[in-house]
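What follows is a single structure, and I will ask about it in a moment.
Chain nomenclature is as follows: A, B and C, assigned in order of appearance, with residue numbering initiated at 1 for each chain independently.
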Amino acid sequence: EDVANASETAGTTVDGLKAVDGLNITREGKVFKITLNRPKKFNALTFDMYGAIQNALDLASKDKTTSITVIAANGPYFSAGNDLTNFEAASGGDREKVEEMAKVAKVVLHEYVDAYIRHEKPLIGLVNGPAVGIAVTVLGLFDYVIASDRATFHTPFAPLGQSPEGCSSYTFPLLMGPLKASELLLFCKKISAETAKSYGLVNEVVPLQEFHAHTQKTIEEFSEIPPESLSINKTHMRSLHREKLFEINNVECDLIATRWLSKECHDAVTAFIARSAQK
Amino acid sequence: EDVANASETAGTTVDGLKAVDGLNITREGKVFKITLNRPKKFNALTFDMYGAIQNALDLASKDKTTSITVIAANGPYFSAGNDLTNFEAASGGDREKVEEMAKVAKVVLHEYVDAYIRHEKPLIGLVNGPAVGIAVTVLGLFDYVIASDRATFHTPFAPLGQSPEGCSSYTFPLLMGPLKASELLLFCKKISAETAKSYGLVNEVVPLQEFHAHTQKTIEEFSEIPPESLSINKTHMRSLHREKLFEINNVECDLIATRWLSKECHDAVTAFIARSAQK
Amino acid sequence: EDVANASETAGTTVDGLKAVDGLNITREGKVFKITLNRPKKFNALTFDMYGAIQNALDLASKDKTTSITVIAANGPYFSAGNDLTNFEAASGGDREKVEEMAKVAKVVLHEYVDAYIRHEKPLIGLVNGPAVGIAVTVLGLFDYVIASDRATFHTPFAPLGQSPEGCSSYTFPLLMGPLKASELLLFCKKISAETAKSYGLVNEVVPLQEFHAHTQKTIEEFSEIPPESLSINKTHMRSLHREKLFEINNVECDLIATRWLSKECHDAVTAFIARSAQK
């Protein structure tokens, strides 16, 4: 990234959290808000952003002044998911580098998803535009998702030689049943916001021009519900699945780490990075 | 309640069950029918009604002459759920009284829900109008629900400082997926009959003017299916979830009993009873 | 069956599998295809067909040249399910014969369903027309189902004195929630392709005249996804439910074997065979 780009996306933060590029962390009334802010890169997640979101979720969990946590994004995209340049090492021929990368990425992924599982406040997603990969899969760990009519949902694991993460192999069958889960996670169909709603992955679809006003109003309303009830009821509902979710996250991370070392994955990532370099 | 009101709602019953105000228990052909009959109080459930419904469900389970069990209601409401005057004690300042009330209510609730879990016949709900609180949550333990187009479904736990019951924290995620379950159980959205159908909480929606004729026809048809198959297949399908449901009922009752002692609950119930008294 | 009929439906097969009447087994590019071919009998399943499908699924699992497995059917029906003449013994008065039949049928059913549970490739169902009984219930073990608009889905267990199989008592509540599962499995409602889609049992509905072209295109596309990813991701997603599914299959087979010995079942099968003989 060039300097101009970096300064545009320099992060803002709150007390107790380090600022990282591409992420704004704010409190707005009773709302703790995490905003992806790397629009030129379609809000793809760098390792720094994974770590900072995880820390923000943990801080928000214990925050006394806010009652709900919101994840939103700037620009036309919600998030392109994992920034594949995180995997640049995997595109070279050096096996040792690839194994080192897989080891690091597995820890980053594992801790990122665990932070969603253990979050103790209602978590609301504002999906303004296209969402890809892990930006889709973790939605199954949210409590409420509003999508704009420009949002799409795509989990292209197989063409990239990868496997499902974010506990989606557990949450998606619960949200939409096993057959529709396979449509997304095995066969990698991209779906619209309306389809995502009918599949239980989204609660509401709102036209883009009304998206900001509507989501502001909704999160304000939600944040006014008695806070102890919100946190206790959220934690109670999560408790029925928590141990299972931690276990699934382990299984998924073990599997995807082996996939990152596969020829299918190597070939796909190499081709992707070559295409990106040409642009 | 005044005397006139009480006589209007004096219960009818069948051999082996005590009559209680506000409840009619009848056999109609092969149908065992429990009818909420306290329309001036929106069919809110008194402690007596909880106990009598529980006993009726248990009797119906073993009844040789009927093959299905139906719960219906008189008047424009299905049921306002728990009668908050059951909690009158909690609105005063006397901590000991509140704790005594919570102890009693927890046992009543626990046994009421257990009776649904262990019921051995297909259980059909006829939701003529608005349903609130526990009148909604236990629907996840039914086998078939017909709603009129006047029915609405509302579980306002959080504003009352309470937590989900009726095994809804388990059944709702299974019925509609975790995100839509949170919409109802965390954020307390009131939904229409059509939405409830799309959320899997209702099988059919029928215009109110056709409701009586249609539901009569349907329950007659269902009651003609070979009775051994009905009971064995119902019991088999329940068996896959039974132990989990009993466990969830325990967890939910423990949690709600602590909520009844909370300041959030005390304030909400006090305000509610003050408003009711002014009417 | 007369000779003409038998020759029309003489099976074709691939190396390593015995041909049986009523079943075609082929490889088409990267697709392993099992086609029901007994149209005059509505593609009802004989004991031979159960065994051959099971063997074909196991062979396809390990097949190096194909990446997906497809089950399709010839003629206007998908499949009438279990051929009730398999149960002819049960219609007589000889208790010993009935018990012997139940013992054999239970093993056939158990092994048939286990082969679906352990299948290691994505399994796609092409439901051209009406599907009945076990041809419906096992769909919950598929990964993708395309239905024509002529397809219907019917599981008339109770009127035949039987109980659900094919792991449907587990998969159907997961696909459509417990209430809609009961609509099919307890109350035996026949549903349309569109309803089946809204219930999560079908991914796509296609007009019959476009069915062949559309399904060919779709399965070709799916078969081009990197094969290791397809198999690994399918196996991973199944792994989260596999032990439970084997257990449910046991429970269901034990239950249905007792139902085959019931008076309700005997009377229903006797009546069915009498009606068939009159035609």
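Note that in this section a contact is a pair of C-beta atoms (placed from the backbone, for glycine too) under 8 Å apart; a residue touches a chain by one contact, two chains touch by 3 or more.
Keep in mind that what you see is a predicted model, and the values were worked out from it rather than measured.
Asks: For copies chain A and chain C, work out whether under half or over half of the interface numbers are shared, and give different or same accordingly.
Replies: Chain A and chain C contact each other through largely non-matching residue numbers.
Asks: Which angle of rotation, from 0 to 180°, maps the CA atoms of chain A onto the equivalent atoms of chain B, to the nearest 5?
Replies: My answer is 120 degrees for the C-alpha fit.
Asks: For chain A and chain C, let me know how many angstrom lie between their CA-based centres, rounded off.
Replies: Each chain's C-alpha centroid was found; their separation is 38 Å.
Asks: Return the residues of chain B touching two or more other chains; collapse runs of consecutive numbers into ranges.
Replies: Correct list: 174, 176, 198.
Asks: Which chain C residues qualify as touching chain A in the complex?
Replies: 122, 139-140, 142-145, 171, 174-176, 198, 200-203, 222, 225-226, 228-230, 232-234, 236-237, 239-241
Asks: Can you list the residues on chain C that touch chain B in the complex?
Replies: 157-159, 161-164, 169-170, 173-174, 176-183, 185-188, 198, 248, 251-252, 255, 259, 262, 264, 268
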